[in-house]
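Can you keep this structure in mind? I'll have questions shortly.
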Amino acid sequence: MYNFKKIFRKKINWILLIIYFSLFLSLIILFKYIFIIKKEVNSNIYDKVRNRELIVFNNVENLTNKLDKIDNIKYVYKDYQSLKVYNNMIGENIIKPYLKNDMPTLLIGSYPINNNEILLPETAFVNGKDLNFIEYLNKELTFTLNDNLEITFLVTGIYKNSKETGIYYNLKNLDYLLSKTPKSITNYTRVLVDHYKNVDKVINKIGNSARLYDPNGIEEINAYKYLIKLLIFLIVLTCLILTVILFITSTIIYYENKKERFMLYALGYTNYNICFNFIDYFLKILLVSFILSFITYIISMILCNKFVVTDNTVLNSLFKIDNNYLFLIPIIIIVLVILSILYIITMFRIKLNSKKGIEI
Amino acid sequence: MEEKNTKNNTLISLKNLSKSYYKGSKEIKVLNNINLDFEPGKFYLIVGHSGSGKSTLLKIMGLIDKPTNGEIFINNNNVNNLSDRKLAKFRNNEIGFVFQDYFLDKLLTAYENVTVPMIINKEYKKRKIVKKRALELLDFVGLKDRIKHFPKELSGGEEQRVAIARALANDPSIILADEPTGNLDVESEKFIFEKLKEMSKNGKCIIMVSHSKDAINYADKVLEVKDGVIL
Amino acid sequence: MSSLKITIKKFFRNKLNYLILILIGICCAFSIIVNSLTYSTKEYYKDNVLNWADYRIFSILHPENREKLINKLNSMEEVIGVFDEYGYYTAWYMPDIEEHFEGKEITVRISGVAGEIPAVKGENLPATDEDVMICPITYRPLENLLVENTKLEFDLTPFIGKEMTIVPLESRSPGKDDIYKEFKIKLVGLYDNDRLNNFYHDCYTNYNTLAKIRKQVTTIKNNSHIYFQIDDKINEEKVISELKKSGYFAHSVMDIDYVLAVDSFDTLEYIGKGLFIISMLIVLCLFSYNLFRNKKIIKLNKILGYSNIRLLFNSIIETILLFINSCISLIIFLLVGIHVFKNYLPDHYPSFKQINLIISPLEFKKVFIVLIFIIAFIFIINIISLLLGKSNRKNII
């Protein structure tokens, strides 16, 4: 068996170490990045309501039977026009009926559950001024609904707004709200699908009269889909290069170590032992390079957190210390697979050589 | 083969030669106050137990290694303080080295290996002269038919013969052979010793380190090295 | 036989050199391709997709003093258009050709374009103010993009030269106050959307026609909103904050998480650059490996009387040979890589059709310059070892 000291006495092995270290570092960064993108996009982009809200050109009563049989439908409701509300302190706003899970992150308070409860944004620009709505928490406010009706809501919570400024209302109570408005409801149905991946399935099951209500999110989703594909492609390329380098360097070292192999054979080692010996050599080099690359990554994370300030939120996440190391698992699997293939090829070579006659 | 005219005087002279290695602070003395003279046209055999300093002595004489103390004179020239360039010129022109493990360039044919010392020697400017000499030398060692073969295509004995031909390339006055027959069979050993003897008769100073019992039969003088001292 | 000749012969006889050259070629080609790919992807998404026309349109609801606002907007250089009616109708369908496609809905997006988009069938958009448009040669209806691997494609070739009716998609779900009008527009040609990396439903017309469509297609009563378009999404923050100071609250008509997208693609570019550096580091290691390999022969040549300068010269020749052959290897692997990207991958994996690999001469230059630095580094190492060898006075073996 090779011990670590013996391996690192040879200068060529230091060069191999640097090469594999660089490749592992790139794989770590690529895998971490893909994990981050998937996480960000899953939480922020993919599940946006507009990407899974369908409109069906049929009355909800006619559709009930059909829709009950379809899985992946989270909610069914009558189509409605936008519900505009006005309050002289809050200003003009629109009611956004959403399920609790689709509402924005709470800053303070709780999500609206009952008929007369709403969620307000933290700030809004009203009558030329930036106003803060936190003071309205747990207070009742009277609004004019669609310029017609007066309605009183209780503010149960305040959400952190970035670009959102709507007033959130629990979708389950939409019928109650619609019953208050004199505006007529169109003969269409809206269907909320549980995940954007199931949209196509649901559309196919409902039939021709269903489509995405707001297709404007398609470009955004496609951009990220392409980004993930590209990253996977880069990972595959890097793995290919790692494989090629490993195979070529193993070939070089295989032929350089002929004498040593012959000596082992003479000492009574079997082909399997010799092969394992050879693989062990590479395993140790790969192990050290992998550990070094991981340590380098950790150190760079620590340094970046202390000294580097950038506006790029994704880059910050890439170097954020989050104790999530799941991304290492695919790398370990890849290395084990490549080493196994190398073992098989080396075994084949050694057996072939021993059949021909052992050369020194 | 041309003979080189040499005067019958000392070719190599070693004065108070010592060589030590250091492992940390510990001194390991390999050679201790050696005084020797070597004449042209003679075959010297250096014997001794392993670790006695024979190979070190040979390397110092071959200007491959430097002594810790003492002086070396080659052809009455003190080579101690010569520049690296001049030493290289000395090695190229005056000394031919033969090693136990042949030390041939695996990427060159037998012919090309022999030409390696010649192509940097100003005396052999013309290609024709180089070719002629290389073929003569390979013929001398009995490898006329193997000139285009690579070392891996030659047997051990044949490789050593190529090494001898290479050592003779620039017609040096000194041939240093460090266990030249250590890896060879009796037949090849005999051939090598005979060739070296022939070269000494042609006026060259042959200094050989060997464990072989038969070597004594060819040597004009036997020097025994024990614990870094000549007995 | 000269020393130079022997050095060159040895170089080409050494099979190991070929393996090293293959590795160098692969690494250099990898660095160029990856860097180009990440950079061109970032540029494409930032300039085209994320900067798409409707993402740059904002509305101000019920503004006080419309005249003042319009003047304010017109005075801002980032604002390139101000409209009374935007309509929010970005998706259109073409009812009169649905029969041809067995009743399937033909839905498109129509954007304005000032530059030229070359048509592969029919004609390019003319420079005049005619109401014309060009559509994609590989066309799929709008909603199908959420669906992976869909094969629902339609060929619009039979309609080249014909006048089409376009109606806002929303007209199929009307509200009471909106009245939808049709618009007639002629399809003049089809462009290669794969090459331009566009989606399968993007049609283009000139800006004047686009304004006409917007103005004519719908009339919404009691509309007191103002819409404006900015030149680049980057200027969004600046424009909105400036309007806020003047007491107007603008918000985009079409929401996109621009910051996340820009950050993601910028990071992609940094990763590309990182991979470039890493592959060049590997190339440096491979060149250095060559240095260590020849030590035994250098020792032999020293024994045979080769001076340090001569040995340095041989080493330089070898390095130069390695450099020249590395460049050849790089070109070969780069051509292979480009062929794989442009032909093999898109044919076998349709999702890669979107990849637009543009290798600029600059990328090539970068690699070339790095290789020259590596050569210089090797030369310096050789010279230093020569000087160290001289001064060290150690034994050769």
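Points worth noting:
Think of it as A, B and C in the order they're written, each chain with its own count starting at 1.
Assume a residue touches a chain if its C-beta (ideal position, glycine included) is under 8 Å from a C-beta of that chain, and two chains touch if they have at least 3 such contacts.
Remember, it's a predicted structure, so these values are computed and weren't measured experimentally.
With every chain reduced to the mean of its CA atoms, the largest distance from chain B is reached by A. Here the largest set of C-beta contact pairs joins the chains A-C.
Each chain gets a centre from the mean of its Cα atoms; for chain A and chain C, those two points are 22 Å apart. With centres set at the average Cα position, the gap from chain B to chain C is 67 Å. One finds 72 Å separating the Cα centroids of chain A and chain B.
Across the complex, chain B meets chain C through its residues 59, 62, 64-66, 84-85, 88-93, 95, 97, 103, 105, 107-108, 112, 115-117, 119-121, 127, 130-131, 166, 170. Against chain C, the residues of chain A that register as touching in their complex are 11-12, 15, 18-19, 22-23, 25-26, 29-30, 33, 37, 40-41, 44-45, 50-51, 55, 57, 79, 81, 92, 125, 127-128, 130, 163, 165, 183-184, 186, 188, 196, 199-200, 203, 211-212, 215-216, 218-224, 226-227, 229-231, 233-234, 237-238, 241, 244-245, 248, 251-252, 311-315, 318.
Touching chain B in their complex are the following residues of chain C: 1-3, 6, 9-10, 13-14, 297, 300-310, 389-390, 393-397.
Taken together, the chain C residues at the contact with chain A in this complex read 16, 19, 22-23, 26-27, 30, 34, 37-38, 41, 45, 49-50, 52, 54, 61-62, 90-91, 105, 142-143, 145-147, 150, 172-176, 199, 244, 247-249, 251-252, 254-257, 259-261, 263-268, 270-271, 274-275, 278-279, 281-282, 285-286, 288-289, 292-293, 351-352, 354-355.
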